[in-house]
Amino acid sequence: MFETILENVSQKTPLVHAITNYVTVNDCANIILASGGSPIMADNIYEVEEITSICNALVINIGTINDVLVESMIKAAKRANVIGNPIILDPVAVGASKLRTDTVGRLLQEVKFSVIRGNISEIKAIALGSNTAKGVDADESDVINTNNLEETIAFAQALSKKTGAVIVISGAMDLVTDHEKTYLIYNGHPLMAKVTGTGCMLTAVIGSYCGANKDNILEATAAAVSSMGLSGQLAYDKLSQTDFGTSTYRTYIIDYMSQMNSDLLNGGLEIEIR
Amino acid sequence: MFETILENVSQKTPLVHAITNYVTVNDCANIILASGGSPIMADNIYEVEEITSICNALVINIGTINDVLVESMIKAAKRANVIGNPIILDPVAVGASKLRTDTVGRLLQEVKFSVIRGNISEIKAIALGSNTAKGVDADESDVINTNNLEETIAFAQALSKKTGAVIVISGAMDLVTDHEKTYLIYNGHPLMAKVTGTGCMLTAVIGSYCGANKDNILEATAAAVSSMGLSGQLAYDKLSQTDFGTSTYRTYIIDYMSQMNSDLLNGGLEIEIR
Amino acid sequence: MFETILENVSQKTPLVHAITNYVTVNDCANIILASGGSPIMADNIYEVEEITSICNALVINIGTINDVLVESMIKAAKRANVIGNPIILDPVAVGASKLRTDTVGRLLQEVKFSVIRGNISEIKAIALGSNTAKGVDADESDVINTNNLEETIAFAQALSKKTGAVIVISGAMDLVTDHEKTYLIYNGHPLMAKVTGTGCMLTAVIGSYCGANKDNILEATAAAVSSMGLSGQLAYDKLSQTDFGTSTYRTYIIDYMSQMNSDLLNGGLEIEIR
């Protein structure tokens, strides 16, 4: 599974333009490289159109937005829409402030996204206008379980239909869906939540995979989510041998992403398609 | 010692709002997670009040300030003061430029801080208006030794009395004091100075510990200083087994913070109370 | 070779003022420390003159520029020129946007640089006004080989003559030249390209080495390039023993820089002088 997706990344070395937050930007650049892409972190409004024009995908992350940055995002995104580059949105902590909610609202109005990735609280904030975000983490009351799985899939598909974007809900189980097909991905490890930016990094990897697979966004996104989850899992296995901490864990996650290939991925894939 | 402090952090997972510099922001976020807290790095003036309102502590670090950032700091801090959240100040390189001196002066005038943490040159710059800061490091002429210890305690206590904040002077020996009780903490290792941001990271950990221990700021701060120092010490012990360099050392410091607990801390604590 | 250069760094602990991008700023600060210097990352226009005045070198990196930052760069650089501090320019991705080309043009007009370091596409963009930059990486058509080596040396020397700066062209082989003497340095490893910011880090190390060797910029620069290349090489050797990924590799590179000394460097130096 996903052989062609990974092969395309490896062959094309997609250039990924990221307008992202300054907290996790370095990790995002490194994991784009590790995933087989090449990152350009350029946010200046006077150059974002030119930069995005030489790239294969655009990643927009609202982690630390300001007025100028939002204008750059929109300018870059409109250009990416024109030239047909996939755009990935990470609505970090949307729902935690009016600024974030308004910004995401405006982005969704002005830009056609290929993928929107968030935790369940963030996706709910977008879909339902609810506001349960407890900062950057998902609220416990929102967590997906067997009782609300069908309902969650339905609402993610509705959001996909409405926005035209593939929807990714990250969590203990990851959900990737367009309005028809849904991937449930069980790879990953809870300790990933103790490393800042694993969500941002996943969004960056989605950018890399989609940049090399423009005609197959759903599958590319599912492959990226699986790769990231499996990297977190393998990193935890390695970590538990050395009995060490969360910073070594961060290093190992990116390390495994840099070693990811079809064999490794298929050897560890825990996925269900509906 | 410090059992309750660490227990509270572990139970409450304090949300820490940090308005900090872009050099060490990622390390600060990761060490807040490692320490048992949850970080939110939000600096936009249109959201800082909302963000701080859902948090348990506010960390302000002037490492890379600009005009807009200072206004965000003050807005967030005033809100934190109203709701009774502890605010921790890291006056990075104050004394090295008029901008920094003026900024800290204004912050101290408009905000009531719970803790102020700096190296001896930074604290002197605040307390005495002296200007001996050699960039981000303490000047050698300022270093605390047996000859000037009593005098240093007295001046730190005077600054505590004046500001109402617990004062932390970081160095080979760390000093933590309010106007009555003083902790002298001997944990730590000189190699920590060869990793950028160990001071910023300590300030972030203080935010995490104080956020979960609002009624016991002095002890929470002393516990944070001890935890960070011991993490640096244990990391050095581990490093010396593998004979490796300063970047691995950085990783190990955060690793040990993620493993810190009462047993580990009390097994290594080198502390004197006056 | 380079004994005096490294001895001076070790003895003087040069203060390096860096106005740099927010993607790799933390790595730059850490590698300046690892190389024996002390970093100050200050970009506020109201303080850059004061900060640069207490430093020994200035590093300017255009990775993520905005209008305000460029003014800060010029203000700091003019002050550094007055007091005779070496200034190192990293023209990241110049040629990839009009903004970057114009910014570098203006910097070269207003500031006298001691060293300019880029990949071959960046240096060509400056020297020839060509625009072959494929984002942050060199374009394949530009790569130096035996067929174009003489020509490349000649054009680098012409650029050195024109700008008065030592020119560094980073690549599989690194070229360091003023208008008379040329170092060809074969240290390094291709995997360095899979870690973000190895170029930025090298520029930061050049700042550190030049800051302690103001009267010997060419040799200091060649020493820095060799140290960085050898660190990458030794890091790869160590990595291949553990069979691990690009994030561990990043850690090891900085680790080896923190262990660099004359013996280690001369034991691994692969250099040719013309």
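For reference, chains read A, B and C in written order, and residue numbers begin at 1 within each chain.
In the analysis below, a residue touches a chain if its C-beta (ideal position, glycine included) is under 8 Å from a C-beta of that chain, and two chains touch if they have at least 3 such contacts.
All figures in this text were calculated on a predicted structure; none of them were measured in a lab.
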Fitting subunit A to subunit C on CA atoms, where both chains share a sequence, rotation angle to nearest 5 degrees: 120
Would you mind working out whether subunit A and subunit B touch using mostly the same residue numbers, over half shared, or mostly different ones? different
Between subunit A and subunit B, what distance separates the C-alpha centroids? Give it in angstrom. 33
Find every residue in subunit A that makes contact with two or more other chains and list them. 22, 26, 250-251
Along subunit A, where are the residues that touch subunit C in the complex? 15, 22, 25-26, 29-30, 33-34, 38-44, 46-47, 50-51, 54-55, 68, 250-259
Under the definition above, what is the set of subunit A residues touching subunit B in their complex? 21-24, 26-27, 63-66, 93, 96-100, 134-137, 194-197, 244-248, 250-251
